[in-house]
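To keep things simple, chains are lettered A, B and C as they appear, and every chain counts its residues starting from 1.
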Amino acid sequence: MFQLINTFLIGITSGSIYSLMAIALVLVWRSTRVVNFAQAGQALLSTYIGFEFIQRFHSFWIALVLSMIFGALISALVDLVFMRLLFSRNTQGPIAGVAPIIATLGLLGLIRAGIGMVLGSTDANIRPPVSNVGFTISGHTLAFSPLKLLIVSATLVLVLVLSLIFQRTNIGLALRASAYAPEIARLAGVRVDGIRTLGWALAGAAGAAAGMLQTPNGTGALSSDSLEFSLLLVFGFIAAVIGGLESLVGAVIGGLLLGLVLAFVLTYISGSLVFITAFVVLILVLLIRPSGLIGTKRGRRA
Amino acid sequence: MHKLRHSNIGRLMFFITVGILLFLASNRVDELRVYQGATLAMYVIAISSLILLTGYSGQVSLGHGALLAIGGYSAALAHNYFSFPIWLCFIVAILVAAAAGAVLGTAAARLSGPYLAGTTLALAVGLPSIANQFGFLGGEQGLLFDVGMPPARLGATFSPYKWYFWIAGVTALIAIWSLQNILRSRFGRTWRAVRDNEVAAELVGIHVGKAKTLAFTVSAGLAGLAGALLAMTISTVSPSAFPLALSFSLLTGAVLSGVTSLPGVMIGAVTLVATPEIADAITSRFATSDNVTTNLPGLLVSALLVLVVLLVPNGPAEQVRRIRSRRSASTHR
Amino acid sequence: MTLIVSDLCVDHGAIRAVNGVSFRIEEGQLAAVIGANGAGKTTLLRSLSGLKHSTSGHATWHDYDLLHAKPEVLVRHGVSHVSEGKSVIPELSVEENLDLGALWRKNPGEARETRNAILETFPRLGERLSQLADTLSGGERQMLAIGRALMSKPQLLLLDEPSLGLAPLVIAQIFASIRQLTIQMGLTVVLVEQNAMSALEIADVGIVLNLGRVAVTNTAQQLIADPQVRAAYLGY
């Protein structure tokens, strides 16, 4: 019984992290029709910056907020420099559709190599800000601790705030309009380019949050070639696809679903099959419901 | 000469000539160059597989490293557990990787753009870790893949590296020649039609899904062969031999080569072999720290990828061609 | 405030879609631009609203250069464009579509006033405020598109084929509304239309485009009476 509950809790926790990453990917996808693979590298960089702030201010919370701000700035910078450069050139040929994606991949490599060079010997370790010892109920220890509660609630709060922004504010309306129909939005007077950069900034903040929250939850150690961040990217992508790349709610549901499925495989089948399962889920969703389990039938072509 | 190149006999002669030249060259250069030659041959095959997939059939793969890994591991397993002779191990590598490519290809045929990219990326990230899980794959350490010493009749001074180079070189020549034949056949025409306009291709009766899957299968087979060659040159297969960086490198090589042109493959392959050399030169010149040294090759490759995709997405060769044709067009006004 | 276009040339790749077009529209006039398919009408409009880059020539509205600014900037200078066929966002509600046009305006009170005025002219929109634009009929969508453009309180309104795909009765309604709004809001309007007769009936001035050039310019009445124009574009 407790194993079931624990598996569920593990799934929710890891699923929340995947959701955060998925949100970052979806935000960029909706505003620019690009999957920004460099998001993982940006998240890594933001987390390193967060680590530095922890050293400076001795507070995880301040560092979290600051790393999100920096994550936003970095992401906006990437959009301004990179993407505008890309879109100002008219490409033809077989690469045209995926040139931006390959560029973000190159950027990912650049960021990681750069981090390795500059920060490689920094012994970066982020310790949990709250206890990571599981709650106990009638003698059993749950796979849920204050830290994991923090992760799940932080994700919920972020999603709520983002949804509010999107649905209830003028900026949110501009963001949605620019994503659905940039030309019409322009004709209505919306500064679509600036709005797009804002979308990227929000994505950067979400990615930074994912990095900052996941690191103390894992080994706590940061390194430029960590498999963890690569997996975070992949699982975040899969979560986004499950939810259909179009909606934030979908990203969250996709993340949670993926987290739960993987947790069950981990506990009841075998840890070594986790990645294969994720991959199979990805393929299944893409083949059966390409617009995602949540998305409307708007097709999965770029 | 132009006409000669295009006839089949002409092309065969070309390849044989190149082969003879390489053989002569291998006797005159030092160990390091010969070893690099083997690596070069491996890259030529690997990059060609990507050129086939992307340039000729319009599908993108960010994770070809995984297919190389499959080929490499298959070859090693065939050698270690079944004691197959080397050439048979290579065939096994091709077949197993092609089979994987066929499976992947049926899924890939229905995907496009970012979905295909993400899926192949996922494969590249996750596949090496699978090797860690299963005992018979040798785990973290990997497996040994020892093709053995060169045959006695070549003499006692014939180094193993030269042997690798000969094997790799001949393999590459045969592979590229075969690939060229396939590309010039109706398969190649079908793929190009699919690449240029899927809808139009369907309308003329081409089964787009099958064509794409076939392209993926052939590409994967080639990649598997390259993987086996890679394993041969480093005498092992392990997860760390096929990192994500390898997929990035191959992608960079393909983009540099000009994704649509097979002859351009040399540009990409040479660049990939030269990059570690250049990185070495830089680090020894500037006496850099360990961190910089380990990360410099990756930095150079990534920077190259970004620059090329941003500035000359169809490859430098294609760009030059376009400028030339634009110039000649304007003089005709 | 006049719209002055002189020697405007716009290329689509190797094809010159607009070839040395010149005309002048006075403030408060409704100008109908008619011509066959491919005459360059839509391209002309798109170059005036910043959506398409022009090759050479001039176009000024009230001495403000129209040819070298982005659409979102032109909106802030009083130019609104209802583009052909796809000018509402189906994923947003009617209300959101309307609000979109006034987002850039600083004064929410004024924006509300404008909205009320628009809903008076198009009461059907008022009934469907919270519905998704996806659910509207063709005529309602066109009303919404025009309404959204008017929310920016433009002085120059560019309309691209508002009658496209609509039933004759609906077309008559919409054109009547356009005429009414032009007078009511003191607009200057450039109306591009395939439906030459309906357009000329509500217009003051008519410009006939043929293969990218201006074939005839005249008052609407005289164009309707012109036998050549009647034969070529009015069907009788």
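Operating definition for what follows: contacts are C-beta pairs under 8 Å (C-beta built on N, C-alpha and C of every residue); 3 or more make two chains touch, one makes a residue touch a chain.
Being a predicted model, the structure only gives us computed values, none of them experimental.
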**Request:** Name, by label, each chain that touches both members of the pair chain A and chain B.
**Result:** none
**Message:** Of the chains shown, whose Cα centre falls closest to the middle of all protein Cα atoms?
**Reply:** A
**Complete:** Chains joined by the largest number of C-beta pairs are A-B
**Request:** Give the label of the chain whose average Cα location is farthest from that of chain A.
**Result:** C
**Item:** Cα-centroid distance, chain A relative to chain B, in whole angstrom
**Value:** 32
**Complete:** Separation of the C-alpha centres, chain A versus chain C, in whole Å, is 43
**Asked** chain B to chain C: how many Å between their CA centres?
**Response** 55
**Asked** In chain B, what residues contact two or more other chains?
**Response** none
**Complete:** Per the touch rule above, chain B residues touching chain A in the complex are 54-55, 58, 60, 62, 107, 110-115, 117-119, 121-123, 125-126, 129-130, 132-134, 195, 244-245, 248, 251-252, 255, 259-260, 289-292, 294-296, 298-299, 301-303, 305-306, 309-310, 313-314, 318
**Message:** Could you list, by residue number, the parts of chain A that touch chain C in their complex?
**Reply:** 170, 173-174, 176-177, 180-181, 183-192
**Asked** Tell me, which parts of chain A touch chain B in their complex?
**Response** 29, 34-35, 37, 82, 85-86, 89, 91-99, 101-103, 105-110, 112-114, 116-118, 120-121, 224, 227, 230-231, 233-234, 237-238, 241, 245, 271-273, 275-276, 278-279, 282-283, 286-287, 290, 300-302
**Prompt:** Any idea which chain C residues touch chain A in the complex?
**Reply:** 49-51, 70-72, 75-76, 80-83, 86-92, 96, 99-101, 103-104, 148-149, 151-152
